[in-house]
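Common to both upcoming complexes is chain A, partnered first by chain B, then by chain C.
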Partner chain A sequence: MSAETLLKVEGLGKSFGGVMAVSNVDFELKRGDFLGVIGPNGAGKTTLVNLITGFVKPSRGKVIFNGKDITGRKPYDIANMGVARTFQMVRLFHNMPAYKNLIIPLCSQRVRKLRGGKYGERDDVAIDLLDDMGFERTSNVPYKTAGSLPHGYLKRLDLARALALRPDLLILDELFSGMSMAEVAGVLPIIEKLNTQGLTTIMIEHRLRELFRVVDRVMVLNFGVKIAEGSPDQVMDSDEVKKAYLGVDVEIPRGKPA
Partner chain B sequence: MWLIVYGIISSVILALYAVGFSLTYGVSGLPNFAHGALYILGGYAIWNLMNVAGLSIIAAAPLTVITCGLLGFGLYWGLLLRVRGIPLSELVVTFAAGVAILELLTWSGFYGIRYSLPVFWEESIEIFSVVIDGQRILVLATGVALVILLHLFVRHTRTGLAFRGLAQNERTALSVGIEADWIGSLSVAMGSGLAAVAAVVVLPLGMMEATIGYEVLIYALAVAIVGGLESTTGMVLASFIIGFAQTAAARYIGPKWMIIVPLAAIVLVLVVRPSGLLGKFKELEERV
Partner chain C sequence: MQEAEVKVRKRRLERAIKARTDTVFVIASPGDILYVLAPRVVPMAILLLLPLFVGGYHSKVIVHACVVGLLALSWELLASCGLFSLGQSLFFGVGAYMAGAMDKYLHLPIWVTIPVATLGGGALCALLLAPVVRLRGVYFAMVTLMLPILFKQIIEAWGILGGTHGLSGLTAFPNEWLDKYLIIVAFITVLFGLRSLITSDYGLVLKAIADDDRAVMSAGINIYSRKVQALFIAASVASFAGAFITHHYQFAGFSVFALDWAILPLAAAAVGGTGSFAGAALGSMILVPLSEALRAMGGLRMAIYCAILVFAVLALPEGIFRFLERKYQEFETVIEVK
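Right, the complex of A and B next:
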């Protein structure tokens, strides 16, 4: 079973004023893969996301998405090709109602093309998506100004906004940070379901227990270098990972909890 | 009564000067310091279209607006694209382009009595025993119409939504596929077109010469700074405060005060409340 390659990252590197934030990273994703990316703070995880999505120009290396070289392309081009992302620090259109945040991606070139040039009932699509995220359609929450919503809602709105682009690749940059246990428990099954439906996903996360429940592969970064890649169990057994990421004395959370 | 009527007119003129500058800055963060130059270039264009090409004002006015709009486009794709995202360079580039336009106009002999535009409507009317001429009525009507049209455009069109998206959060807008360069250039083009609209209705009130470009830039800056950058309500409010102050000062102190008032307003606001009356850059006040 060799599925089609969706994303190929080759020798990707970025230096900021002499410091290598990401250096010589290689990896490959097949359609439908679910990759977790972990590593200590400052390991270069967010820079990696920025490099793939075009927010930062690589110093070297290549990003191939869907057979096309997208290295150094503009972020909006990459988005319109089907790469959606969330931001570690929530970034929304704060002065718009929550559902309007989704109308903007629904107006994008990409969605226009996917829907055969028609826009149809954008408002309905937006409300449906938000309803899935726990913004009950019968309440007034989807119509509230985004900036006035509590943090947990903002994170979910960020996710819904990314999904509205109908991406082929979804990159989640610490989606769970600042979310309550209950909120994570609400969102995790949604992400899991999307992936089983075929959405290729990269998830950067510090909450390992939750991460390991959903991903099938983990990549570990430290000082911008990939130090391990494999199943959660494999990766956590690697001595280098224990040393670099968790410190040898820390108890390591195991794959699927009983 | 006179003060109220003419204060309103002065305020609307200021708002017309500033609206294009504010639109461009609000959407794309580009300070278009060529705004005043584009304004007076609009006057030059319409004068030539009417007096050299022999067009009627009905044909010449829209052509002028389109010409300035296209120039705005050219300014973006030709010069600004290279320095996009570096605020100081954006400012230097637009200011240089503006100075180049203004000095070229002066060099080509664009001053003197022969450069004046006919008023659109010769009649005048009397409101509350104050006589207002037709051109000033047209200025008022244009100002009100523009505010309504821009509001509708921003609220109810897809491009308008993209404008708001880009204005509110550039990175998020990029991540959902808003073509920032296209939208950015459109905002410069619209701002430039609005400068021409202002020129077409305001310039027949007086004589034309290239140096007016500098004055209009100062007025637009004064309104933007006093009102607070990125705030539409602030822009309107600032236009009215400065407009009334100008009118009163010019009448009771002396006509030179027309230009002193906005300059004084800039200084006063920067000292007392640097983010402007309704500005969003609160960091300016919260700095230690």
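Right, the complex of A and C next:
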């Protein structure tokens, strides 16, 4: 795998009525990278995702994806270029059967192109994907109305919806929040495997222990500013990071003094 | 051992026939086929055969019900992708005036005016409303409510398209059977056409937009272009109804932009049950004849009509169609357990 740059974020900033939710953030991702993004509540992590995926227009700065400037483009254009995301608060089609939720990305321009304009069999593709996510195809779970499923399933359905787009870049916004230990243990290897197969991934997570098991690199945000970037060990040793997390109820793994 | 008595249990036909999804049926017997087909075929057969047995006045009621039915189906399509329209009279009026103008000024035959007004009306309305599909809920509704009034004012102020007098002396249908059956067949075709559209993947995307438009965008779908497409289809259906009524009455005037054409379809959808095309269709078939029957009441007609509407919506908030559907699905047969 060549080390070409997939995503480049330059001086990205967004203010909401004077409050800088994200200010002057720079970072770069090579194809196949796995970046973790952490930071206290309100640090601007979700806003950063919204800026990259086009849901929020930046006040300043640039986002370059795959060599193209995508700053301020529409969310569906950015998705069609290959950026898929999950939502911190799951966004699903609650009145539809679970597997039908995946039909929507399968109807996108991107997937149509990747499948060579081949229509049909979308239901089969959807069921296959859900089966990978632990919705056993032989049970009735994939056919149940999405709204009737437990939270852990909804999170995985949101992930499956993002993956159905066959993205080049996957952004996960607190995928594990509200999931049980067993559910996390089920999903983590899937994400790890996808990354080793070459899927570039950004993972925002409060559960640091799980995060540090899979990522190569971590970026820390505080009050919208990037305060550290590096390997998990480097980052957790930084004084500024310790200060940001001081008094915040977050477990610092590996038993290092906080 | 004692001789086993014959055990029976009740079986809901619905459960046995519907396998997992809404679209796959497991049909085991002629009884099953009848169960699935009867609610689809019987009402359509009645509608198709009725004009053969009833007189001129009642035929007019059927025609009127089908026109309102088309407007209600059009309304329902927009509602299914989250667009709340108060402007069915806009689509209706544009179709009516287009057909009228082509007839009056260009002397084109009916088989040209109606198709062109159908597609042209759909395109014009989609174009007019394209800039406002970004507006949500009540804002979109307000714009659709204002446009028919604007059109009326323009025609009046500039004296175009016959001004306040309207376009009269237009071409009639060659015979009354073509007139009646054109609208009935169109109504049935649109009903089943839209039903299959909404159950297709294309329709699924439209419904998803109503559910959560951000999730649809993140799935790489241009929601604005989809909404404009839905507007085109819905406006075409209503424009067809308008073009039809122009030739039916051999007249196109301000009345086509009247609020009635916006409110009646909405009331029909509400009474029949929103969220299904069959509900909108059934609502029209009930409300229009009801409103005609109330003509005998004279001045109190509107008051009684409104009281019935309010009662219907309060008594059956799910709509008459969903109620009947539920009852039908509870239909049981007794089967032997071996």
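Following the convention adopted for this analysis, the second predicted complex is superposed on the first by the 245 of 258 C-alpha atoms of A that agree within 3 Å, B and C clash if a C-alpha of one lies under 4 Å from a C-alpha of the other, contacts with A are read in each partner's own complex, and residues count from 1 in each chain.
One rule holds in what follows: a contact is a pair of C-beta atoms (placed from the backbone, for glycine too) under 8 Å apart; a residue touches a chain by one contact, two chains touch by 3 or more.
Everything quoted here is computed from the prediction, not taken from an experiment.
**Q** Is the arrangement of chain B and chain C around the shared chain A a clash or a fit after superposition?
**A** In the arrangement built by aligning on chain A, the partners chain C and chain B clash.
**Q** Under the stated touch criterion, which partner chain does A:80 make contact with: chain B (first), chain C (second), both, or neither?
**A** It touches chain B and chain C both.
**Q** Contacts for A:140 in the overlay, against chain B (first) and chain C (second): which applies, first, second, both or neither?
**A** second
**Q** Quick check on the superposed pair: does A:45 touch chain B, chain C, both, or neither? Answer first, second, both or neither.
**A** A:45 sits against neither chain B nor chain C.
**Q** Quick check on the superposed pair: does A:94 touch chain B, chain C, both, or neither? Answer first, second, both or neither.
**A** So A:94 meets both chain B and chain C here.
**Q** Between chain B (first) and chain C (second), which, if any, makes contact with A:155: first, second, both or neither?
**A** Once the two structures are laid over each other on A, A:155 reaches no partner at all.
**Q** Let me test your reading of the model: by the given contact rule, A:226 touches which partner, first (chain B), second (chain C), both or neither?
**A** neither
**Q** Considering each complex separately, which residues of chain A are in contact with chain B in the first and with chain C in the second?
**A** In chain A, residues 53, 55, 74-76, 79-80, 84-85, 87, 91-96, 100, 103-105, 107-110, 161-162, 164-165 are touched by chain B and also by chain C.
**Q** Spell out the residues on chain A that touch chain C in their complex, using ranges where they run on.
**A** Contacts found on chain A: 53, 55, 74-77, 79-80, 84-85, 87, 91-97, 100, 103-111, 122, 140, 143, 161-162, 164-165.
**Q** What residues of chain A sit close enough to touch chain B in their complex?
**A** Listed in rising order, the residues of chain A that touch chain B are 53-55, 74-76, 79-80, 84-85, 87, 91-96, 100, 103-105, 107-110, 161-162, 164-165.
**Q** If you look only at chain C, which of its residues touch chain A in the complex?
**A** Residues 20-21, 201-202, 204-205, 207-208, 211-212, 214-223 of chain C touch chain A in their complex.
**Q** Which residues of chain B touch chain A in the complex?
**A** So the residues of chain B in touch with chain A come to 158, 161-162, 164-165, 168-169, 171-181.
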